[in-house]
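Each of the two complexes below includes chain A, the first together with chain B, the second together with chain C.
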Partner chain A sequence: MKRVQFEHSAVPYLFVAPQILIISIFFLWPAAQALYQSFLLEDAFGMSSQFVWFRNFEDVLSSSSWSRSAIFTVVFSVLVSVLSIAISLFLAVRADEVIRGAKSYKTLLMWGYAIAPPVAGLLGNMLFNPLMGDLYFAFNSFGFEFNHIENANDAAFVVILIAVWKQVSVNFIFFLSGLQGIPKSVQEAATLDCKSPERRFWTITFPLLAPTTFFLLVINLTYAFFETFGIIDVSTKGAPGGSTATLVYKVYVDGFLGADMGGSAAQSVLLMIMVSILTVFQFRFIERKVHY
Partner chain B sequence: MATVTINQAEKTYPNGYKAIHGINLAIENGEFTVLVGPSGCGKSTLLRMIAGLEGISSGEISIDDRVVNKVAPADRDIAMVFQNYALYPHMNNYNNMAYGLRNRGYSKSEIDNKVRDAARILQLEELLERKPGQLSGGQRQRVAMGRAIVRQPKVFLFDEPLSNLDAKLRVDMRLEIKNLQQRLGITSVYVTHDQVEAMTLADRLIVMNGGVAEQIGSPIEIYEKPATQFVAGFIGSPAMNFLTGTVSDDRTHVTVGDGVKLDLDHDVEAGRTVTVGIRPEHLTLVDAQEGRINAEVRMVESLGAETLAYLDFGANADSVTLRVQGTHQFAKNEKLSLSVAADKIHLFDAQSGKRI
Partner chain C sequence: MFRKTLMAAAAVFALGNAAEAATEITWWHAMDGALGGVVDQIAADFNASQSEYHLVAVNKGGYEDTMTAGIAAFRAKNQPNIIQIFDAGAATIINAKGAVKPVQDLLEANNVNFDINDYIPGVRYFYADSDGKMIGMPFNSSTPLLYYNKEALAKAGVDVPKTWQEFEAAAPKLKEAGYTALAQSHSPWIFFENFMSRHNLQMATGNNGYDSTDVEILYNNDALKDHWQHVKDWKDAGYYGYFGRAWGANQDAFVQQNVAMWIGSSGSFGGLRKSTQFDFGTSTLPYWENVGDAPKSTFIGGAALFAFSGHDSAEDAGVAEFFKFLTKPETQYYWHKETGYVPITNAAYDLAKKDGYYNESPDAEVGIQQLSEEGAEWTKGYRLGFYVQIREVIYREVDKILNGEETVDAAFATIEEEANGLLKRFNDTYSN
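Then we have the complex of A and B:
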């Protein structure tokens, strides 16, 4: 093969330079920093530090609070992703069928997208406030002994509810455009071939939405892992007793509030490894099934 | 095998637009009916009403004497072939054809027999494991046909099935569809805007315009005796020439342009203003003479088997198209004289456009 030789010039490098600069400053450098710090142990005042090899990792992996947080993160992420995908798929399918007033339905359902996670957290905080929260009163008046300040499950429920509510609108937009991307004539051909709308949905519509669903699964898991930080920080702050602290939140709590820089750095390195594995898994195994 | 009866069917959309203005039609058992018309004439809407994809605002549509107005599309026992094939992209071709049968509770072996039979008829046996995305346009159209014939429905509906194919393939598929329909003897309704398809496929042709059936008849009937000026202009290519004329006092001829006299054997009152229709193939070249169409060549199209000449004549530069067999060397601005036999002249009312 003949290779095309361009004249060497600095111009192409200039074009990619801003991106490389951004990645270096905001990703590569902090990641390297975290990796380096994860091998260090600082004294209580941060005056000196000592290279300790893998001791921070040993401490983290053997601590019960970390494994509890890891389990919570997995449960939380799966629940948030599955629930928000299921709810938004249902809403998108229904909104797609609406003819009259379709625009207002869709706009209202998309509104939540404009709300920042901390604001959503604040809304949740107020709705569940024991002194003035409407949902707090509502649950208790139905006879649930709802107390998210003390009960870990109730607290998890609050965080999941807010996180799902916040994410539904994003998923809704993608599902709606995915539905509109299915040719109308294919849907019509299906109505001639299959009488039951439910069966039609599961055999035609849903498989054709599979690429959208896969994409959203990736986006939602990432969201639940990282972007729910704001929601947790404003609503429960990981309470009670760290039971609603995701791994990301725990990195922040241990590192910046607990001043355990080495341990916190080790946690974030572990987090990085987990996310890499998750990404590889998703693309290897799930994406293979959604191609058509 | 079935009959389709359409009784005063109308379609009004929620926004008040009336797409179909009361159509009556009885399609016989095994008949190949073609709906033809310009875009927006309501032909596809009518087909979709038969399929059940569009509601019927008033009137009735029956298949085999059963009124189907409220029957779900899947229960009407019809199959439809769509313009863009509408195959299920995530299923292979076998499953595309089997899908409708599975939902109707056929056993696995029955489905397999039917699908393989259809695949053999349509020469798709090699392609059953592939997905629609891996096929060419013609092959996809074949799979779509296969999906329709495996169910052995009462009625086939075709919605411009050939318009996405290239010209050569279109001719092949046209013959194939005609063949298949005759072999299976299934009542068919076919929508097209292509008048060649319409003429060649139809047992009976329905020319639609503005939501009304302008004329219903065999293709030759419609070609020879168009009921309205619209039908006359729509069927036949190149289109019929139209000239405004006045019937002479002795009713033996009609005067068009500036003093061109055309012989007439119609029963029409003297002095009436009419539209004279002459097909390009019915104009004949004659010697120049007073009172004949003495025209000048503007443009020539040589198609090999025939030659088309676009001419104009008279002070008003009325234009006519001439069609002659074989190749003719017409020069630009060449003077030609044309005549037409009295029995080849169509007369239409100048106002209503109705045939006289």
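Then we have the complex of A and C:
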């Protein structure tokens, strides 16, 4: 009898090869390039370059605008992640309870997912335009002295609002499918044991959603760190006074607009290190509390 | 029937042949919207004027995007023949030794007559090296101008202010008439660079940066700080409107008659004529009487065209041919009339005068008049490295002045420190 068995060696590698190739081409190679570039002082057109060790890192770390950006990035990312997760969890739980017209609710709540970040930024920009923005007028007519052009907190509010709004629908989709994956029998058993729906949520539903929540926390932080760039570029451009410039936005301004190759490479290496530490932290300390 | 087919075939053959024979040259530019349309027209006119070369003009976004696209393309050895680089980026491309062919060499090598004195004084040396050789061909050359709403000024009963002292007298009356007196669209360009030129103040050591890259900025001076203290006071009093750092946001405030006067570019003239519903006029950039020796001419702003190296001589000849076409008085006059950018040669300016253009629209002449005002030691221009980032620092710090986060003194100390840090980085990068 012939035994059906794959050869141990080549086949599994063959299966992972495309993925490895993609990661190498689109991540490892550019990351290595950035690392190399961060040790160079090179003119924009690549006509001359010199190796300067840690000069670029020293220049970046000693600038006050970089540390301000770093602090803003952390505050911004935490607020965007926590708020968008909380809001979408609330919406998903409510939408899950709806019986009549459930499909239309769900579809409408997912719609925002299709909007590109720069478009979201543009919408926000128009809503808060001091000459014609509806939200700008609305806030001021309620007696707030709202002015995101001048006030750093108001500007932060605007970018956080747009970023959260844009992300809520993504999280909503995951939470909803997570909720629908909770077995009916568990929920029914819980209903018999406990009358308070709120307590049932925190003791049964939320722990069962923990894997989803953890996953969303990771991708939301990544989103807030990197993908909100388009929103900031279109809405505030980091103003006022550099208060809403995230680290990625600074990399763009110095590297793409300012043609300072080494300096922006050093910034992206620092950013890479920050995000790596954050991810290790998440998996090491938060994932422990998650039960799959 | 047979004859018709034969003729058609011959026509197709001829056309195909012509398209094949023409050497293609590419031009990446930063002119979008209405300006982009004019650029396309100029390219089409050039292609129609001769059959040897075919020029393809491509818009690459704004100034910064175009420069970035050019840098990326050059590093990938896929650069266009011609690239438009703006004033603040000039140092980056000129100091990258060997990235571009000096336009003067290019023209002389292709037997195109070149005399730097054909160009109006304001643009002559802005894109030249320290020996006076022209490196970039001045293209869209503009200068900051004061646009005013005639109806608003009449309502308030005030004249167009020539000086900031006159502005201070007029502003309260405009406020009473229901207007914010002033807004402007580019703090670094209008209230820093051109402030220095208008008052004949030195902007940076090393001959404003033309002689060396080892230089320091001279912004932290009493005249400029005093000006910004006034701007802050005007803002607090409701005479000065700030609608964010976006160029268009401040221009919109003028178009919507929220502010009575707006300082923008002479290149905004053509667009404003289409978007405004009211009668507006132009005037020169106000200055402080008794500061420096104002009024002197302003800097030329805008951008220049650079010929990238690394192309064969046939394509370079096409670039020279196009530059020759571009500097013809007729082309310049058309460009000036459609956009409001100034004509860059004396011959084109004379043609516009002879044609009676300024009799029918005198406001169109203010820009070139301002650039032809008496020049002085510090009105030629500047050449500073990483100036795009220095402008970012300025934007950032004046935000802090206007929202009261920082005093004028503190903001200017930061500008000086960070700008000098950037200039030092640039020197270390490019001087070896």
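Keep this in mind: the second predicted complex is superposed on the first by the 264 of 292 C-alpha atoms of A that agree within 3 Å, B and C clash if a C-alpha of one lies under 4 Å from a C-alpha of the other, contacts with A are read in each partner's own complex, and residues count from 1 in each chain.
One rule holds for everything that comes next: contacts are C-beta pairs under 8 Å (C-beta built on N, C-alpha and C of every residue); 3 or more make two chains touch, one makes a residue touch a chain.
Since the structure is predicted, the reported quantities are computational estimates derived from the model, not experimental observations.
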Assess the superposed three-chain arrangement around chain A: do chain B and chain C clash, or do they fit?
fit
Return first, second, both or neither, reflecting whether A:149 touches chain B, chain C, both chains, or no partner chain.
second
Looking at A:178 after the superposition, I want to know if it touches chain B, chain C, both of them or none. Which is it: first, second, both, neither?
neither
Given the overlay on chain A, how many degrees, to the nearest 10, lie between chain B and chain C at the CA centre of chain A?
150
Taking the superposition as given, does A:189 touch the first partner, chain B, the second, chain C, both, or neither?
first
Pick one for A:241: touches chain B only (first), chain C only (second), both, or neither.
second
Once chain A of both complexes is superposed, is A:117 in touch with chain B (first), chain C (second), both, or neither?
neither
Of chain C and chain B, partner touching more chain A residues:
C
Which partner chains sit in contact with A:133 here, chain B, chain C, both or neither? Use first/second/both/neither.
neither
Between chain B and chain C, once the two complexes are placed on the common chain, what is the minimum CA to CA distance in Å?
52
Can you pull the chain A residues that chain B and chain C both touch?
none
Which residues of chain A touch chain C in the complex?
41-48, 50, 52, 55, 59, 63-65, 129-131, 149-152, 237-242, 253-254, 256-260, 262-263
In the complex, go through chain B and note every residue touching chain A.
51-53, 72-75, 78-80, 82-84, 86-90, 99-100, 103, 131, 133, 147
Residue ranges of chain C touching chain A (in the complex, touch as defined)
64, 67-68, 71, 74-75, 89, 92-93, 95-99, 242-246, 249, 252-253, 256, 258, 386, 388-389, 392-393, 395-397, 399-400, 402-403, 405-406, 414, 418, 421, 425, 428-430, 432
Chain A contacts chain B in the complex at 183, 185-186, 188-196, 199, 203-204, 207-208, 210, 292
